[in-house]
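Let me begin by presenting the structure, written as structure tokens, before commenting on it.
Letters A, B, C and D mark the chains in the order given here, with residues in each chain numbered from 1 onward.
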Amino acid sequence: MRFASDNRAGVCPEVLDALVDEAGRYGAAYGEDDTTARLGDLLAEVFDHEVWAYPVLTGTAANSLALASLCDPWGGVLCSDVAHVLVDECGAPEFYGGGLRLVPLVSPDGRIDPLAAAEAIDRSGEHDVHNTPLQALSLTNLSEMGSAYRATETAALCHLAHDRGLSVHLDGARLANAVVGTGEPLAELTWRAGVDVVSFGGTKNGAASAEAVVLFDDRLAEQLERRRKRAGQLLSKMRLVSVQLVAQLSNGVWLRHAAHANEMAARLANALAAVEGIDVVGHPDGNELFVSVAPERAAAWRDAGAEFYDSPSGGRRQIRLVTSWSTSPEEVDRFTELANDAQLGAIS
Amino acid sequence: MRFASDNRAGVCPEVLDALVDEAGRYGAAYGEDDTTARLGDLLAEVFDHEVWAYPVLTGTAANSLALASLCDPWGGVLCSDVAHVLVDECGAPEFYGGGLRLVPLVSPDGRIDPLAAAEAIDRSGEHDVHNTPLQALSLTNLSEMGSAYRATETAALCHLAHDRGLSVHLDGARLANAVVGTGEPLAELTWRAGVDVVSFGGTKNGAASAEAVVLFDDRLAEQLERRRKRAGQLLSKMRLVSVQLVAQLSNGVWLRHAAHANEMAARLANALAAVEGIDVVGHPDGNELFVSVAPERAAAWRDAGAEFYDSPSGGRRQIRLVTSWSTSPEEVDRFTELANDAQLGAIS
Amino acid sequence: MRFASDNRAGVCPEVLDALVDEAGRYGAAYGEDDTTARLGDLLAEVFDHEVWAYPVLTGTAANSLALASLCDPWGGVLCSDVAHVLVDECGAPEFYGGGLRLVPLVSPDGRIDPLAAAEAIDRSGEHDVHNTPLQALSLTNLSEMGSAYRATETAALCHLAHDRGLSVHLDGARLANAVVGTGEPLAELTWRAGVDVVSFGGTKNGAASAEAVVLFDDRLAEQLERRRKRAGQLLSKMRLVSVQLVAQLSNGVWLRHAAHANEMAARLANALAAVEGIDVVGHPDGNELFVSVAPERAAAWRDAGAEFYDSPSGGRRQIRLVTSWSTSPEEVDRFTELANDAQLGAIS
Amino acid sequence: MRFASDNRAGVCPEVLDALVDEAGRYGAAYGEDDTTARLGDLLAEVFDHEVWAYPVLTGTAANSLALASLCDPWGGVLCSDVAHVLVDECGAPEFYGGGLRLVPLVSPDGRIDPLAAAEAIDRSGEHDVHNTPLQALSLTNLSEMGSAYRATETAALCHLAHDRGLSVHLDGARLANAVVGTGEPLAELTWRAGVDVVSFGGTKNGAASAEAVVLFDDRLAEQLERRRKRAGQLLSKMRLVSVQLVAQLSNGVWLRHAAHANEMAARLANALAAVEGIDVVGHPDGNELFVSVAPERAAAWRDAGAEFYDSPSGGRRQIRLVTSWSTSPEEVDRFTELANDAQLGAIS
């Protein structure tokens, strides 16, 4: 019952096969290879737009490179108060960005409220040289709370940001899950909505370690090349990263794995929603599910071998359950049985 | 005839098998896994000393993390004028180190001269708060010119550095080749000689992408953890990096591959030294060989399909030839034939 | 009726005389002069403790140097959500601190609530390497809302900070006003309460441009020297900065000017509190006064020539009135008349 | 006999009078005042070109702000190996510039050789993303060795820099002395020659502490405003800095003082050149003079009360003698007598 994170899963067979194949070859270094070129073509295809793509190793690096390229060292990035860039990266955006500032907006379900965003941006512009001017908006889709932004929501946020001179970054560590969850095309959720830079995630969707910063024009291309190298994110054997994303983007593998993960989460949500004493929290639009239970119940689950993260929430525990390409229906069903256990229920 | 760089080679079978095995498993994230723990044990064993080890993805990251941890933002790092940290990392040490300064010493064969080093350090301390105080010495072994520091040479440099308050970093991207080349134990070439931090390289010796920052006490441990995370070098699936180094360090694989590469370089050196018009440059102590030839000869070799880097050198071309775990004797012999080609010889 | 800021006032006669005297002389550069040495002695005297003092030009520099010295680049500084370091310095702490993060606590009257502080610190320590560990607490006394921390309040905050491993910085741009306002000795409000580093302000209290970073032991001394130089804050004619603080600290000038400014603010507060439609906001413990009035009234005052800053506050305007060493009773009385103007009152 | 540095001199009467006058007034803060506006007009007048001017406190700040604005964090700045930015600012350019790199060129008389510069720039462009691309050239006029660049020399250097995509910065800490020394107009030595940004110095020429970053178009204006604020170099009482430069630039005061200093240096050079055992080194084009003497002679001079900096130079001492607006002919003559002292001469 492994629901701690999709980043604990192994590597999916399609990626592993491709990796082994590429690993057996001699090839050009530092991304000057054919596989990396092929990745660019595939990304252009799935995004339905010309792209400038920069594979890197981690989501932290992808996000931080993107933000550093969109924001001056003296600028601010508006983000959700549960954004990964804010709470899980040990200040990487500040490091890559030469001391830029992340400005959090309270966002209970992980999505940024347009009115609050507009107000925060307007306020930041009032105090000339002394304040921190907001220069970028960072969204996460699928959000950290499991909810997905629809294309129209993303477009509205991009519109208000651009209107006020901000660029828009999308943290897409689980973007495949959002595409599947919303049923909306990748293009609609990104550049057509106005997103300027995407962190396109592969690791949580079955890769070993592969993300890409994706641009839709070449304005930031040169600085991204430099920043990536300077951050130690340009691998000599970059082709071994690129090939992972190539494998995912070929034949719809990325969407198939995301669909499976989402399905497992929905199966879990449906089952748990029917259990007394378990409250499903928020919008489980993808492969992340949050439920609120009594502390004793959380403890009992853990004792029974379930893996998950949890945090205090008004006398109860808020539990995060994440499924992945490798989650099996049996694993979900075993957890459902545990949740339905009469004795454990009695605890709460 | 692939002699451009050992970082273009594929992944050696031992690493690939281990990677495939680990990739098939679910495991703890962010280095909290058993494989990463095992790596620590193996490093302690090969170094013959307790270690604090931090796997990362690139040599650039390993070197920059090490230097940032040894040197204040206002400090200077003394290095060779051909050091990788100086000429090949797009200012990564300055970035990681918050604006530290690299201070190059002219070093024709890639090794730092102790007298010149002592003089440079002494001079840097004369001008109180206005200057850049040297705080670290960075050595590369195997050096960028293919020469190896012997243990006594390393010890002498460490001694003079420590005497003057500097710490010592060793860029060991090709440290395995130096160990084999000198015939001296890893411990003698590192901590017993006084080295404080080692960038231990795996990528050039058959890994996909795996290096480790190695400390011999815990003084810098906490900041290294933080700096690594903040640089986007802490992978969720870190175990897939660690397992590569585990495979290399098990059963002497790392030394066997380095020995093969060195042997191929020696074979090449011996063959080329016998050819008129080809001068072997410097100390080919490991798997890097430099030869000086007429420009026409360099061009002819390239036309014939040989891969290598070269640079102008007083009317001639200085050619770098690098062998790897995957270089075959046949490849060396084909190049030898090419070198002996009467017609090409006539050009020079 | 100049109440916009105490930093718009001229230079007080005592400082000006001393400055002219020092300016006429040839003297040692970069703070190696007798006047700067004398400043150290005077600061030790008024603080009643040995000090290591670093004159700089601006409060921004003093605060940022202090925070950069107390906090790692990956650390966080807990501060009030109206703190000058947060809202008025264009990210200077992030710049000086290599990308550190300021973590604001809502604090309606400008002072940090100990319970909220303790909770924020405890929360920041829960997520190991991924989060931003809080490493320093920054207080402002006199606070940006005009309230003063008493010595016992400061001591309680320092105690809880130290208990949790944080250092404490005090932004004392208006510390003289707090000393006078609380009637408590400088030592009690600073090091005896547990403050580690003080930004001691001179500019707002009659200097041309003079602040000092004050340490109570030498642990951070060397890095402060380096950071100050590197920030372009070490003047060749540093003695011309030091002499300003020397003049203020001699014969109680600094307290006399602060007492005058506080008295003018109290006179204003008393007069305005009696006027219908004007609400005095918060704790006017020093030389800053906040009042809430109808927007039309604020506009009318401005039209009548009054200078002040204001901001929207629930349909009304919150007006900040700051007095200084150079505010005259007549100026206060003219404003009082304006405030009592029947016609203007009728507007609201 | 005070020849240690022009930055040890007091404040000239014209500046002091203006400072006292301005200090007596209440005025707008943060450079929004009439005096700062007046400074802009005066700079435009003396430069004979529209300018965007940013007063700051130190040459270190002026230089570092300029370089940070001209060069990316991953870029390099070509400068002389005796440049103040390289050897006297504790890495301030690296700090302000987010880790940019200073690349020194050997330049025995303090001036950069165009051929060497062209070669260094060309070489830096050869290694794509891995190297440090040179993006700016920094000249110092009057140079640190006392020589002046003529307008044609400056123009040639700017031409080759611009041709290769580099911007040009001029460190003008002693620019007034160069203008007088060369007899060439300020415009010819700066923007007409192609200089992009000037650090215009006031402190060494009689100000208390006043420099200005001067731009000739508005491309870098916004970032300079932000960077200056963020560096703690935007004073609330900025008018007290501006007024110093206003006083210098009014009625030719700046040129008059520089002419006097140059004249004193020339008088000294002429006198010393006639003394046996004293070698005048380099081009004393302004107010800096270098002479080479026997170590015993240097020591004797110091014992006799002469102030100067010196450094070892091939068994002898190279002595730097700097004159200023406040150097008197009598002071020069006393030193000349000392230099001619038969007994001291006998030592050498």
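Points to keep in mind about this one:
Simple rule for what comes next: a residue touches a chain if its C-beta (ideal position, glycine included) is under 8 Å from a C-beta of that chain, and two chains touch if they have at least 3 such contacts.
Since we're looking at a predicted model, the values are computed, not measured.
A count of C-beta contacts for the chain pairs A-D and C-D puts C-D on top. Taking the CA centroid of chain D as reference, the farthest chain centroid is that of A.
If you average the Cα atoms of chain C and of chain D, the two centres end up 35 Å apart. Chain centres here are Cα averages; for chain A and chain C they lie 42 Å apart. In terms of their C-alpha centroids, the spacing between chain A and chain D amounts to 51 Å. Contact with two or more other chains is made by residues 73-74, 89-91, 95, 98, 129-130, 226, 229-230, 234 of chain B. Residues 73-74, 87-91, 94-95, 97-102, 127, 129-132 of chain A are the ones that touch chain C when the two sit in their complex.
Interface residues of chain A facing chain D in the complex, by the touch rule stated above, are 30, 72-74, 98, 129-130, 223, 225-227, 229-230, 234. Considering their complex, residues 2, 4-5, 7-11, 16, 19-20, 22-29, 56-58, 60-62, 64, 89-92, 95-96, 203-204, 208-209, 226, 229-237, 240-241, 326 of chain D touch chain C.
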